[in-house]
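After this come two complexes, each holding chain A, first together with chain B and then together with chain C.
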Partner chain A sequence: MSRPRQLRLPSCLWWIGLGLTLGLLLAIPYLLPLLFPDMKVNPILLRRWLDTLTVACLWAILAMSWDLLGGYAGQISFGHSLFFGLGGYTSAVMSVLFGWSPVLIIALGGLVAAVGGLVVAAPALRLHGPYLSLMTLVAALAFERLMRWAKPQIGIPGAEGAILCIPQCFLTFDATAKYYYALGLMVGMALLLYALTRSRFGLALEAIRDDEEAAQAAGLNTAKYKTLAFGMSAFIAGLSGAFYVYHIGSASPKAVLDLEISVQAIVASVLGGLGTIFGPIFGAFFFKITEEYLRLLGALRFVVLFSLALGVLLLVPGGLLAKLRVQLRRGWQALYTPAGAVRNAQETGELGVGRRR
Partner chain B sequence: MKAILELARISKAFGGLQAVRELSFEVRPGEILGFIGPNGAGKTTVFNLIMGVYRPDRGQILFNGQDISGWPPYRIVNAGIARTFQIPRPFRHKTIAQNVEIALIPNEIFRRNPGHKRRARVRECCARTGLCRLWGHEEGSCATAGDSCACWQQSPGSLPQAGLRRLEIAKALATDPALLLLDEPFAGLTQAEVDELSLLLRDLREEGRTLVIVDHNMRGLMKLVDRVVVIHFGQKLAEGTPEEVAENPRVQEAYLAGSAP
Partner chain C sequence: MGGIVEVLILGFLISSLYALTALGFTMIFGVAGVLNLAHGAFAMVGAYLAIWAMSAWGWGLPAAAAFAVLGMGVLAPLFYLVFVRPVEDRPIIVFLATLLLAVILEQSIALTFSFNSRILPPLWEGSFTLLGTRISYNRVAASAIVLLILLGLWLFVRRARLGKAILALSMERRGAALVGIPARQIILGVWGISGALAAIAGLFIGSFFGISPLEERLLLVIAFSTVVLGGLGSIPGSLWAAFIIGYSETIIQQFAPEARGLASLAILMVVLMLRPQGLLGRAAA
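Now for the complex of A and B:
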């Protein structure tokens, strides 16, 4: 039985799209005042938006790290705020105590979080599905409560376990520079994760996600791969948390350990598309920019935002970016093939529409 | 001749259910062993015990003289035993070729294992098991057609039942096993497909691999296997050539009071 060759979107289109997006992100500090004359008049407004984008970059890193573990390895963590917070508190404590260079301290934040990830992974290997998720959730909660109780007396201690580490942990007053640092870290992590997930390591993780027992039967040491996924994911989440403290100038349970951070990372990943790496970036930017837009609504904005996310989850469960890809592919097929061939290609159950589950 | 695999009085219970009781048998190098029993006799449990999915409560499993009971599955696979599942379990979101490639990934993260070598082996396994022929490619053409072969683009979802069984075997073959355990490889296949698959299995034996084939009846196996082990309620009922076993009254009794197995 012969089947028609499947049509693929030429990969150059994909890279062109990616390059354009990156160009846009690079140009944003200069584009914003051009597009919105308000910002030229009012630098505080520009600064606010650049800060929003900085946070969006950090959230994107967090969401990507979640995607490695949840989207690729299929280990759904509800406690990524633990790794984010470990990185964040490392930043605060180390900058106050030693005052090393931010680069070193942020890297150290990632390492501390990675150790945390490995510690969580050890018992997590015995658990599956909801039990694993619950364990990560409880671990994150436990650490948050620990910090609230311990009230570390370092730097300028705030209420409820907060550490104010200004000026030691303050990166720069230049919002544009800070945005570029965050963007650089995000792009670096995206490239790292992209390479990682397309390597044999990523393939092994996907095999574990699809069917762990079959992966073992294929000779994979699933425990080892899952542990590595936990460590790697925690490392990257820790980097983003460590940077975040350098952005806001303090570490507190509310700012870096709140469970809502975990939820937002998951929502961003799922909004953009699980198991895609680039999807979570899209999701995080969508989330943070919408949040800023809805600022006028005050506390209500989160109600609107999460309702919006619910809507997307219901209507486009595969994620917005994945949906966009499918639409692009359809358009491409319609352009370059007679109608019959398109139908055939769709009927053969082509792959590639989703790396989604 | 020294046995390649030896089960020595292994037992396994799940709660109150004694799934396998004091079971002993051996597999000789280079043979095709039929491992049969009525539904629920414990055949798949025995496979899971050998593969390290379960740990036997008592007894030893020796592979090439080495006790492998209690080893994790991946270690057993890397030692040279592979299995296929009764219900094919492909990695649904990956292509057919990637399904096979997964079995070639080393567990050492930093070991050099260039992609082109893995892919060459994938081609070999896909061609070997006739996966390419399903799309009208000539036998062995995947080896030369490279990535234009449908295996590199199609998901396992596009395979018919017989194709999924072949994929299972291709995945197992990729680990280069000395001993291959096949769990009901003929279930749900037409006679023509059974004959074709039998040819492949004989081929594998010619290569020097040892095969154990599970089935719940012997009809399809009679011509293929050298020896048969019959189990019933987790215990060994009979062992011998297919003819001997078919005439064994205890075996006939086990299969619905006298109807031929």
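Now for the complex of A and C:
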């Protein structure tokens, strides 16, 4: 018996799904009090969940930026906290010193991080695989130690190299508005990355990931593409770090430079699926929401989440989102089979599909 | 004068501990081609196994230490079978799986024992004075034991049948298979040896500097840096690198304590840029 013919999920359905998800994300500040009556009574609870979602958006941006470098170009970075932190510290310093508008400062945070990315990329071009990962890890650790050691005396200096910039780096009291800003940034970055990875650039990165020598032999300037990937990834990670400082009101090695941040970005990408851009968004939301939901479990929630990620990595290496897509496609096939497919199968003589009715 | 003697002795101890931490890491890479990012966690878990045996069952230190070393010798191959073997042919997945295993072990230990640092009792009490520097017997004993282990390992790799098989595997996998070396069993054995070495390193580090669940990251960075500096998969390279990193850290600790940690990272970055394959490349395994 021949294999059932693959019936492709029409691409319009995929876009409708995306549109529905986006609509859901847009409506969440209004849906939450409707779905959970506690939140209508207790605005603090609503605020807490909106803040969680805001952070989830920022983590999604970070995870997507990691995915561009790790999932597409195959350059596994352990040092994305460096780019996140560069953006974050830029926000804190610039808002205290100059007090420009947040939009300008967050963009500047991205640019500073991009410069950092290019600096890291220069030696990284000569390194491969584990050496590259170690190099990024070392760069991130060195910057963290540097900040702890230098203790920048700007704004309200905290202990261990922290900068509190609460009146200056302040976006808004309105949790809903803040969530929309973060969501907007996330959607913008997702579209940018989606377009980027479907372009010649993304194809070149995938070629480098799959076989760098072959890509070189085919005439691709791999050094140029890898440098660009580093710069782009760092820029986007820097934006999320810069926004994060505007969210929490301070920059400290613990909050924006911790290795944990890199690990969480990787975990989010793994959960959602490497090399998919939309997967990491799903992974980041899943991670942050579960983390908040399991708050009562204390530190146990990280064991649960990391174990889950490990399970996904080993059992569903494509990620949860890809799995979901396959399931949807199966469902669609079952729906679609009775009408069109039987006729189709009879015409082509493949009765295997028709019998599945 | 006293400072120099202190640096020489402390540097030797620290370097030999780094060498011990790095050895298991480099062996696994050499033989199985796997970068085990959970290696630091193995060392940390080893130290906590001893702490657990002492507090829960009231064992003495020697028995608890033996339990820890044997325990990691068994646990490490088990972790390999469950988490690494199914995805062995995909390096990126292996890399991420061991990273996740490391954070899971770190968080679980923190959950059971809290994040606080603990100090293991010294193996040997007391001290003596040499050229105006107090030296504890424990340090001497630790250095001696580490040296014995390194020597034993060297002899094992050069003389014993299994050791030679390990060396052969790390040189040329296909050639080793052709002469009938059972790669799978040997890789399992190497994970066991690596886990046991990590546990010994963890025990000593726990008795000198204290151990906490988050210490795992530092140990991993040390092992990773040492191994990369020496050239991945090269045992002599790792030894050289351990002494370079160990001594430079000790010297900086003595004369400019605030720059501690930065210097070894800086050395590593410079070496990576000038000589990406490390001091002694892979061929020298």
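Operating definition for what follows: the second predicted complex is superposed on the first by the 325 of 357 C-alpha atoms of A that agree within 3 Å, B and C clash if a C-alpha of one lies under 4 Å from a C-alpha of the other, contacts with A are read in each partner's own complex, and residues count from 1 in each chain.
FYI, a residue touches a chain if its C-beta (ideal position, glycine included) is under 8 Å from a C-beta of that chain, and two chains touch if they have at least 3 such contacts.
What you see is a predicted model; the values in this text were computed from it and never measured.
**Q** In the superposed arrangement, does A:219 touch chain B (first), chain C (second), both or neither?
**A** Once the two structures are laid over each other on A, A:219 reaches chain B alone.
**Q** Please indicate which partner A:145 is in contact with in the superposed arrangement: first for chain B, second for chain C, both, or neither.
**A** second
**Q** A:211 in the overlay: touching chain B, chain C, both, or neither? Say first, second, both or neither.
**A** A:211 sits against chain B, while chain C stays out of touch.
**Q** Considering only the touch criterion stated at the top, classify A:97 as touching first (chain B), second (chain C), both, or neither.
**A** It touches nothing on chain B or chain C.
**Q** Thinking of the overlay built on chain A, is A:133 touched by chain B (first), by chain C (second), by both, or by neither?
**A** The answer is second: A:133 touches chain C but not chain B.
**Q** Which partner chains sit in contact with A:22 here, chain B, chain C, both or neither? Use first/second/both/neither.
**A** So A:22 meets neither chain B nor chain C here.
**Q** Across the two complexes, find the residues of chain A that touch chain B and also touch chain C.
**A** Overlap of chain B and chain C footprints on chain A: empty.
**Q** Across the complex, what residues on chain A touch chain C?
**A** Residue list for chain A touching chain C: 70, 74, 76, 78, 123, 126-131, 133-135, 137-139, 141-142, 145-146, 149, 259, 263, 266-267, 270, 274, 298-300, 302-303, 306-307, 309-310, 313-314, 317.
**Q** For chain B, which residues are in contact with chain A within the complex?
**A** These residues of chain B touch chain A: 51, 53, 72-75, 77-78, 82-83, 85, 89-95, 98, 101-103, 105-107, 109, 113, 115, 118, 134-136, 148, 150, 153-155, 157-158, 171-172, 174-175.
**Q** Quick one: which bits of chain A touch chain B in the complex? Just the residue numbers, please.
**A** 1-3, 5-6, 200-201, 203-204, 206-207, 210-211, 213-224, 228, 348-352, 354-357
**Q** Within their complex, state which residues of chain C touch chain A.
**A** 35, 83, 86-87, 90-93, 95-97, 99-101, 103-104, 107-108, 110-111, 217, 221, 224-225, 228, 232, 258-259, 261-262, 265-266, 268-269, 272-273, 276
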